[in-house]
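Structures given as structure tokens follow.
One chain, chain A, links the two complexes that follow: it is found with chain B in the first and with chain C in the second.
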Partner chain A sequence: MARRDGWALWIGVAATLATLVVVFYYPVGRVFADAVAVDGRLTLAPLRAVLGDPFYTGAAHTLFIDPAAVPSGIARWLAAGAPPVEFGLFGFTAYQALLSTLVSVLVGLPGAYVLARFEFPGRRFLRSVTIIPFVLPSILVAVGFLAMFGRTGLFNDLLGIVGLGPVELTFTLEIVVLAHAFYNAPLVTRLVTAAWESVDADRVETARTLGASPLRAFRDVILPQLLPALATAAVLTFVFTFMSFPIVLALGGLELATVEVWLFARVQSLDLTEAATLGAIETALSLGLLYVYLRYEARRTEPGGASRGLSRRPLVDGIRSLVDPLRVAIFAYSAVALVLFAGPLVSLVIESITTPAGQLTLDYYAFLLARQASTAAGTVRPFPAVVNSLLFGVGTLLLSIPMGVVVAVVATRGDRGSRAAEALLTAPLAVSGIVLGLGMLQALVFGTTLFGYRLTVTGPVAIVAAHAVAAYPFVSRSVTPALRSIDDRLGEAARSLGADRTRVLTDVELPLVAPALVAGAAFAFAISVGEFDSTVLLSTGVDSATMPVALERYVGDRSLGPNLGPATAMGTVLLAVTTVSFVLIDRVGGRWE
Partner chain B sequence: MTRCDHWVMQRRTFLSRAGLATAGLAATAGCIGDSSNSDDGTLTVATYSSFTGEDTAGNWLKSAFEAENSEATVEFRTPENGINRFIQRKASGATVDADLFVGLNTGELVRVDEQLDEQLFTTAADSVEGADTVDPSLSFDPEGRAIPYDTGFISLVYDEGEVDAPGTFDALLEPAYENGLIAQNAQQSDPGRAFLLWTIKAKGPDGYLDYWEELVDNGVQILSDWQPAYQAYTNGEAPMVVSYSTDQVYYHGEGVDMSRHQVGFLNDQGYANPEGMAQFADADNPELAREFMSFALTEEAQKEIAVRNVQFPAVEGVEPSGDFGKYALRPPEAVTFGYDELVGKVDGWIEAWARQIAGQ
Partner chain C sequence: MTGADGGVDVENLTVTFGDVEALVDVSLSIDDGEFFTLVGPSGCGKTTLLRTVAGLETPTAGRVRIDGRDATDEPPEDRGVGVVFQNYALFPHMTARENVAYGLQFHDLPEPDDQRVGELLDLVDLAGVADREPDQLSGGQQQRIALARALAPKPDVLLLDEPLSALDASLRKRLRVQIRSIQRDLDITTVYVTHDQAEALAISDRVAVVRDGRIEQVGTPEDVYREPATRFVAEFVGDNNVFDGVVTEAGDRIAVDGTATLPLPNGTDLTAGASATVSVRPEAISIRDRERAQTDGDGSAVDGPGGTAVTRSATVETVEYLGDAYRVHCQWDDRPVTVKTDSTSPPEGTVTLGFEPDAVHVLSNGKPDTGAGGGR
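This part shows the complex of A and B:
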């Protein structure tokens, strides 16, 4: 087996698993153990306490405390004319996640279409920067959204110009869903764009020459190749928004609380058993969904064998094209996207140069320079934070790309149980950040006693490992569907010429799935740059502060009064640095494509 | 960096030289039990992050204390989860790794005692010079472990161009204040918790939930924490926000519209949220910790802490210099729950409240 596969692959698998065990499975397992064991004895009591609590599960709680009463309960409900049913905190959390997923797909999909099928100046730049929202700390998104969609925000000003509005969006489910779309529609756009760019033009043309209409060719040839990427993005969006936390209470309020809000409150009051139980249920639901999806994906994906990508049409092709209905729809979509994505970002930049009274100021940037010059203990300086972010980001890329590729290879083997293995290897996406933080604190920071030594795992290397573990599922989720769609015969041909599995992978398969790999890499970098919790937990002092950490410190810094000016200035720096980084990643990756 | 970390660093270097670093991770061993070299004059102070850094009370205290004690070096630890870090450390058998905690409030001390059987802090009030000068109404620890060094008062901040001062809790239920107030989640926010406790003070443990039901009906919004709430207030989402009575210290002078920074005391009260310091029972440097606490209670330090931390001094009779006295408003009456009133109750109060809000 090893000879056939090449040693490198198996070393990669072992190293991936070792890293996962240390910074993920063991810490998380320690927390979850609290959910099923009390005083060292296995018990279902904590699970039953949560699931049987109508506050958490609403009408479904009877199922867990008195299953025998369910049929009669349903009968009574039907007799009452089937009134709307509430499913408690879990029900509401799932509902808002479903809405957020729908809106993210609706907003993200046309973006992928435009980016993949049309040529226009700035297209590559736009494709590179689509995932910028991913790196933004929620406090900045909240600032940007209030400035854009608030009662006195830019959006209402714009509506006023055309004689509409005002709309009241703050403290509503709508603004929370919009913020979730802001974060996750880019995921849809980026993953589907990558898939679309990998569609084999020859097959489309063959279909057309055989008489298929453009619509038919789309449905029969292109769509099957897009669906896995689209479904991946949708499933991930659902999982992320199901576990959404800070943004919900920053824009919506406690009436729209999600499970994660309660989980955090339990950790705060050190009721760790209930926290672990809530986290375990969340993870079970998320992993279950991922598993069901992965089975679907494995059956669904058809080999493509990309050789030549589809050619793009010019977006503007003479004056007449401007009134073509398709173009008009695209321009209308662009306007919506501009409001939803550029709006909050531009508002953020404007906030960084505006005083609370509305005058222009450079004070907040002067603040950054002053912090840079400071020698006071505990001061986080902006420039080292930028450097740390970049170093950790590059470290994360170096670690997470091999990890992600290895997992993708394992996932595409098609052995029995490989779907379950893949789901488990994708688990970092399905575990609440609060649970992971708690686990890392207990297992890595406080340490684990082994052979009489208390072992602690902290410092920059541990931070990079934690980032890589959070990031590699994006690489594997992006690469797996693409890898699966490669025609097996290519690999078999290479093998018959003497190449081992590793050679086939690096020389044949990866170049074919380059767009997906680059998309995954961009996400991995974004995850690292935006990461806050484990960075703070595992750091040994302000020396390893990153941009989000600096930003959080400046939020609490009152030397210019309690305003978010300094934080928005640091946020603007973060935006600039990540924009350049994403463009670079795409350019370097593009050469390889 | 603490003594222990130095040791860890050396150990780490040794380990990686010996090729023992596993899977690319720096595994470090050590830091079990007591550190032996306790007399090297390093005082490790655990506090919240905004207490340290440029222009802060923490930084001033460090410089001034070190100037006075040439042997001493003050180092700060600012764990993200505050006091919980040390409760969990103690509970899991890891070393506490600090001498002094600065920034403890009543509810947190209650949590410390509810979570741990052992003592995390040690009684210091008798042996800290100046502890007897602290305003007795602020002392919140019956066992004398936590010594208050400053206090804030929770109040409303409102825009007088939009609404009149509500004056009472009942007034907040009137149509004039519909959709008028932004508060914070008591599960995660200090001012949010203080405001909730204030309503319990005013309406009683049996009446506060009914009161909140009416508040929610009148459109109160509960955001995660002070920062988003104040930001929403600043952006004009509502004319009132739960905040601190020191608001105008930040907002006065030319070009500032003071009408948007009016402080409103309800029922002529403000809810006091005193901050205390306490010496860890496992401190390596207990004497230095007590000296530091004494130093923080001197008149000079009390004035500096007040101005830099924008809180009121805890020692009676201290008047901070400059504009502070003019713009930091004291409520006519200060109310707060003591330690004994919160023990065994506060978690239940907050949980019942949060469930009622989220279940609406």
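This part shows the complex of A and C:
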């Protein structure tokens, strides 16, 4: 049927590719170009400067400046009794990503077990809300973690009640890793739960009738289906936390800087070549990891469609079940999950209306209003930030929905289409917001000379473009399965009844993908409202500051004393706007999953 | 046989998918108002042929004429065809009524749309469930709504692609009677695709047997059943016993292998020494217990001249009870022979098989019936 698609799809594809080239591939390409060229001449000097610097690569730097000395260096290290080695900024970044992945898997796996194997009221709801952390603005979560686990936070209050504490978690690796788990453990839970639910009960029962014990059946039948999902979740978590920015910036500071934070600091001090080099190395690493992973995933075969899922046990089955060790463990896990996931958000709201001494106060919201009324230069005012966020969100929708739909349509066209679409959708995941922001700064904001004209894209347009690049994969990932599940016969039936290709789209295909499209739109909007990384680089001055950018400014604001008041107040506003928009978009269209 | 008004003509149609030839140089002429069935095993190309008539596949070569005009390059929406798909393809986001009404917005009918929808819902006896969504309808109801939807815009041709295959056996039989009676009432040219040869025989004016992208035989159900043109048709349509052999010196018998021979029917014109293939329907063979057969001598090979019964000794292997008859699988020497008998108890042991020489049908030695296009 390809020949009947007509020109509309091809125009859409061309427009989408052109947009991606201008706002994604060209800017990111510029970052790479800046890393290997100085004054227009190819050179490895910037790469060698970074990789050969012990600050960045630690003990591994010899590998890049004097490879011949590596064997003797290793020999000396072994002779010294193999003392601990440092691998510099890259080493630390990978280390914290590894820790974060480990903790995310540890926190996420029991959740998958409970959701997949037990029945209880609210299970479906809980399964749905595991997507929420993913769309929460990261800077908001960082402030929530400060409010929860800070010296005067809720966590220490709770510890105080049972006579423990206080513990100081601010600016520690632990809080950074916990915040990363907040984001990525739900990802582990979602992916593994889905895999677990797709296990065919017939296969497990076949194994049992052939003589396998329950444990053996788990190992032989269920586990092989869970491992690929777990691998997917772990790789994605590693890539995400390797490139993590606002969490580390707000919770770790420069003490615990990762490549991304350092890159940001380089841009701020206008050391753009070093920033570009860092960005290029970082992007190459994460792209490489995703590529290896996708190759692996392409080779594994999908299990056939499950005819019947495993049956669930009731979580609470009479009073006696409450003392069953397994149940006790599950309840303990639930308590930990509650502290980790609900704690930061609840603390955020509580801290915004209480003083450090515990009295109710509205001072922090009054502070926001005062900022609004302030005429001092350089003041980020809250109200324009809200308006900016909403406007950019709408702009992001206008750009990312058509792009996402076009890519989804391409993805449903057989093997070649789906592989091309997969590449298009995965690339933005591997490029951090900071690198994209840097590229857009270099290529679009500072301008590019083309055919003798100086082309510049600035301010809001550049921000919306960066948001759209981050958001359109979510539209595609939501729409593609819906589009794929539409039976070709429906379109053919409509054609035989007299509808032309366009009417098939409007009468049959669009109504059937509408719920998925709305869900994708809700995500795109939430991504835009919460985006911090590229926005903080691209929002020049205070005019195009968004809510997350304003929030970050208020974190350091000490005008009301050493507390998080202004930040938590702004965070609560951001939380409210994000939630209301998400729910609003969702209600208009129906369901999200 | 071209350009029949109101009918469908397919001329030298070839359809390829990549390297696969789904249809090879197929020609057919379907008359106005005819119920024409394409029957064949799965993957034979019958559905591709139907979809090409509908405009849902593009032929590599050849023409499709609908109602006398060349429709080969027309998009499906301009062809005036109604299609019912195997899985019904009802629009899941519309009610039954909205499904039936959908095509009317693209066609100008003399009567108001509401009235037309009402007529069709009555036609398929489903006015009562008109406002339900497809997933609230049973399989049979969905199938009838799909039929009503296809018929609503008054198409010139109705195309049905295995419309009953997802239903259970008894419902399938009832619905095929209903489809046939609606087709007769509307006098609409209909092309019906099925893999079920019994269904094809039961409802068609004419049948085309399709195999490997080619037409093996076209004819009335009686023709195809009684006078199969090829070995494939003989074995695919109904049960059959097929024997290969060589025509004897006298030219009136066929030596099946070595010593065993079968008589050829009167009027057969085959040269001695030519290889030939013959078939005998199971219901044309009688089966008697060994004891009673004794009266015919030893019962091993008694062929009466001109019209007298032929008898052969055989042993019963397995028996299937069909309700109104038994299907008996015997061994005649080492050759399997199937017999259908309406006797009241299952035969067993050694038996005598008997049949008239005229029950032997000569097949065209396995070659496809290339001149099938106009066979009526």
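Operating definition for what follows: the second predicted complex is superposed on the first by the 329 of 593 C-alpha atoms of A that agree within 3 Å, B and C clash if a C-alpha of one lies under 4 Å from a C-alpha of the other, contacts with A are read in each partner's own complex, and residues count from 1 in each chain.
Operating definition for what follows: a residue touches a chain if its C-beta (ideal position, glycine included) is under 8 Å from a C-beta of that chain, and two chains touch if they have at least 3 such contacts.
Every value quoted in this text rests on a predicted model; they were computed, and no experiment measured them.
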| item | value |
| --- | --- |
| First, second, both or neither for A:Gly29, with chain B first and chain C second | neither |
| Partner chain(s) touched by A:Gly498 [first = chain B, second = chain C, both, neither] | second |
| Which superposed partner A:Ala250 touches (first chain B, second chain C, both, neither) | first |
| Partner chain(s) touched by A:Pro166 [first = chain B, second = chain C, both, neither] | neither |
| Greater residue coverage of chain A in the superposed arrangement, chain B or chain C | B |
| List of chain C residues in touch with chain A within their complex | 51, 54-56, 58, 75-77, 79, 81-83, 85, 87, 89, 91-93, 102-103, 105-107, 146, 149-150, 152-153, 159 |
| In the complex with chain B, residue positions of chain A that touch it | 15, 18-19, 22-23, 55, 89, 139, 142-143, 146-147, 150-153, 170-171, 246, 249-251, 253-255, 257, 261-262, 264-265, 267-270, 356-357, 359, 370-371, 374, 376-380, 399, 441-442, 446-447, 453-459, 461-462, 465, 533, 536-537, 540-541, 553, 555-559, 561-564 |
| Residues of chain A that touch chain C when the two form their complex | 1, 3-4, 487, 489-490, 492-500, 503, 507-508, 511-512 |
| Partner chain A, residues of chain B touching it in the complex | 1, 5, 8, 12, 22-32, 48-50, 52-56, 58-59, 62, 74-76, 78, 80-81, 84-85, 87-89, 92, 94, 111, 115, 185, 187-188, 216, 221-225, 227-228, 230-232, 234-237, 250-251, 255-257, 310, 347, 350, 354-355, 357-360 |
